[in-house]
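Chain lettering (A, B, C and D) follows the sequence in which the chains are written, and residue indices restart at 1 in each chain.
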Amino acid sequence: MAQVTLDELNRMDQRAFVAALGDIFEHAPWVAEAAHNARPFPSLNALYEAMTAAVRGAGDGRQMTLINGHPDLAGKAAREGTMTTDSKHEQSSAGLDRLSADEFAAFHRLNNAYREKFGMPFIVCVRRHGKESILRQFERRLGNDAATERDAALTEIFRIGALRLDQRVTASDRLRVHGRLSTHVLDTHAGCPASGVTIELFEVASSGEPHLLSRTITNADGRTDHPLIAEQPIPIAHYELRFGIGEYFARQAVAVADPPFLGIVPIRFAVAEPEAHYHVPIIVTPWSYSTYRGS
Amino acid sequence: MAQVTLDELNRMDQRAFVAALGDIFEHAPWVAEAAHNARPFPSLNALYEAMTAAVRGAGDGRQMTLINGHPDLAGKAAREGTMTTDSKHEQSSAGLDRLSADEFAAFHRLNNAYREKFGMPFIVCVRRHGKESILRQFERRLGNDAATERDAALTEIFRIGALRLDQRVTASDRLRVHGRLSTHVLDTHAGCPASGVTIELFEVASSGEPHLLSRTITNADGRTDHPLIAEQPIPIAHYELRFGIGEYFARQAVAVADPPFLGIVPIRFAVAEPEAHYHVPIIVTPWSYSTYRGS
Amino acid sequence: MAQVTLDELNRMDQRAFVAALGDIFEHAPWVAEAAHNARPFPSLNALYEAMTAAVRGAGDGRQMTLINGHPDLAGKAAREGTMTTDSKHEQSSAGLDRLSADEFAAFHRLNNAYREKFGMPFIVCVRRHGKESILRQFERRLGNDAATERDAALTEIFRIGALRLDQRVTASDRLRVHGRLSTHVLDTHAGCPASGVTIELFEVASSGEPHLLSRTITNADGRTDHPLIAEQPIPIAHYELRFGIGEYFARQAVAVADPPFLGIVPIRFAVAEPEAHYHVPIIVTPWSYSTYRGS
Amino acid sequence: MAQVTLDELNRMDQRAFVAALGDIFEHAPWVAEAAHNARPFPSLNALYEAMTAAVRGAGDGRQMTLINGHPDLAGKAAREGTMTTDSKHEQSSAGLDRLSADEFAAFHRLNNAYREKFGMPFIVCVRRHGKESILRQFERRLGNDAATERDAALTEIFRIGALRLDQRVTASDRLRVHGRLSTHVLDTHAGCPASGVTIELFEVASSGEPHLLSRTITNADGRTDHPLIAEQPIPIAHYELRFGIGEYFARQAVAVADPPFLGIVPIRFAVAEPEAHYHVPIIVTPWSYSTYRGS
């Protein structure tokens, strides 16, 4: 779907407005329809508030219809190809389109248990989670009561909508839906930033091979030209950064052991707040390093 | 072979002495025979010096026979079961009895190339090396000239003999053939040693799964009751220590993220000096850690 | 007073025993007299327990006489030379014999206020405190009620007695009255202990010049041949360690700035537990360092 | 002297141009006069190049006159009030107007020795040095030969001119004459920036009291709102940053010792490159800290 500016939206009649934003909430163009009345919007956040207010103000019936309009995770809709395009992209971002048979069975079992207990599909903003985190959410939320789960479903629907809206609409403000993962390599042997260090970022699951997300190299400031992750939530998951420290010092005029004490330096950490900034630097000599969650 | 004390050796006649030490040098009881003349030995190091002096003082012919008495690495002798017991143990310690087909082929190719170039078997003290380090040694030494390689073969034979002698003979001194790998976990969140931290030590190859060497847990001092490696050379190889930091802080009354920023903390490093002390500690909070080669 | 062994004490009659230990508790030979009945003592700790039990079991009158037998801190007895030798040494160890006029006035004022409120001298085991810590104790304890203060006085008398007893008697066990301050310099530029580093230890007060306690130099292990403080409580106080890092790296073949980024590295810290082990190392390159309370 | 834009300068006739820039080089309006011919200047750096080229292209006589037009450091001109305003400000910035009698005598002696050897005043860009660094420069340069010293004098004159020019002229580019000193406090006990930490910056001489340069407090990012030093060279000198870590953790809900292990944390370092960026952060828990020269 093409991007649209907030100014354009503010000038649209209801039909055009619903055509532009009718799919922000899954199968629920009535949300955009209701929000249209609140024009003009001074900011993207104001537009978002108007849309969520429309959902909150709708009756129980409409809310349940909205909830029930969402597909099962990794479920029948996916296999039968009846999901909306947005839903498809969202589910594939978390690797839900690459499940093993065991994982597929786990999702199937949890979907059924959830539906049986709550009479609605399990909804989660999958862009905020890795595969393992979704399963953990699933198991936790199965233990909730119905009222808590209904609130949880709406919270997740709002998160899904916020991400779609932020991508769809250009405005001078942004919704607070993005996190950032960055790094920095400082060479305290020479007292300067370490440039030319190769960095690989993996997502690490409790079983199976690490999944390579990106590969980059440090610039003259010891940083990467672009953040490792930006313009999206950082999925709640375990990660591993691998720094090519051995090769870096081999290129400097530094006497090291053979093989060098430090070759590939792995830093493994978990992200728990998808919208936060995680700065994970490494301060390194041929014989030592330290890391921390910076900001 | 049973242990013997230096005192007992000093009182033995030549026959008994050769029976006790005749196999320290492979298929070369004449080394013990010659060393017997230098009794009594004030120290184990003096005995070792006498044996290596006997080899150094022997003619070219005897030295070549000594060299040629050694089996090929991962070679025919191994498959046919004609190796001495010591050689078998030594080769299995480096994992040479668990080679993949590709690795076996590499050894076979290198053995042949080496024999063709130098007319003798490739000799290396395998207890000082991991599998990959042996292959690297092999390739490097293939580039040497004959005189250099003959010196190298004797150096390795002396190392093999030193390890065997140190295990065989009890004395008030030791040969300097052992390294030590130790660790320590310090909790700078609470300002005290971290006790109860699980630690796993792996050998890591450039391909294939890490190989678990040992699993232990820190005591009240944040140390392990026994060194991770001791009473042997530390094979030249890459290692990974994995510290169960997430579980440790979960047991303390510490507010952390969910999942915690640090779960399993891996420290990957290489050993280049098998007879040295490597102290690889970790100084850790829920949000940071540092490590270094200490002593 | 000469040292005596536990064995000798166990064989003494009461007169000799009281001659040997009668002054462990100030002006109170009756404590030793009572403890004599509990011979033989299997350990120094058992002897100490017997003496403190004798004090605890004495009536109020005797306890008050014991308490009142102690001199004022920095008080009249000191100026008139009527203190016991032990008391003199103890008070000088905390610098109470080198008070400024203002400090002397503060002690005088606090002594009078304390005596007026509690009808007894303020007692504190001065070997466990720096001058500022004693003043802080003084002010805090002035706020207590009489019963609390009487317990506090006995606790301090027991600490004074324990230190005297531990110095007087040789046994196979020791009383737990000593702390230890140690350090270590690790060079992570070269990956080895830093030897030849000059270290100065100062006591630092909130005003006035730092007071040099000792000067030493690191050995081949990057440690000092003897702990910086040992065989005594570490007085509760602020300290500063100054490491001659600039000169150390100037002696290595290390390219540094002119002047070097790090010259004298000061580490300032406070001791709160006089009987604990404080290990305060520094891990250093020409461009970075870290320190922590180790163990 | 009022600021002027590069555009304005480019449009000036020679008389106005010399009025605006005639004092950039001490008592040498002929430099501006010569540079005027090279108008228009595309950048401030181009203007600076034109002025230094004019000096380099002048004959020996003019250069020596330029050099001799500079006052002695802390010398007679200062006492008699005949220095230019710029020179006065420059000399006071290094504390040369606050010399002790001994320091004044040292400058007097060095000035005389220098004049006697080289027949010209000792010239140094004092804004780039602390008092001790100037004396060290003085002593080193006294050992040079005449040709080296004449080059050194011109280099320093160019540095003085660059600083004056950069302050006088507004352009879209800047001369590379400024350094920056910044810091950052990261709390790895809580995993977040440390806000509200008081920071004091001192200049530290080998004797005498540290001289307080500024006092500030960290903001929500653990940084200071403004760099500690910016928009000027950082004088070559020793500095000490003092961080109020004890008070910071006392305000958090953190169990610490009494007194806390860390109270005021001093970081002492030297600046050797006045035009560089020195980032000197501290990463801290109640029991540990680390620092490094970052960027």
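For the reader, a short list of remarks on this structure follows.
The rule we apply is simple: a contact is a pair of C-beta atoms (placed from the backbone, for glycine too) under 8 Å apart; a residue touches a chain by one contact, two chains touch by 3 or more.
None of these values were measured; they are calculated from a predicted model.
Both chain B and chain D are touched by A, C. For the interfaces A-C and C-D, the C-beta contact count is higher for C-D. Chain C and chain D have Cα centroids separated by 47 Å. Here the CA centre of chain A is 57 Å from the CA centre of chain C. Counting only residues that touch two or more partner chains, chain D has 188, 191, 257, 261, 283, 287-288, 290, 292-293.
On the chain C side of its complex with chain D, the touching residues are 133, 236, 238, 257-266, 268-270, 272-273, 287-293.
Every residue of chain D that touches chain A in the complex is listed here, in rising order: 186, 188, 191-193, 221-222, 283, 290, 292-295.
On the side of chain D, the complex with chain B involves touching residues 188-191, 257, 261, 283, 285-288, 290.
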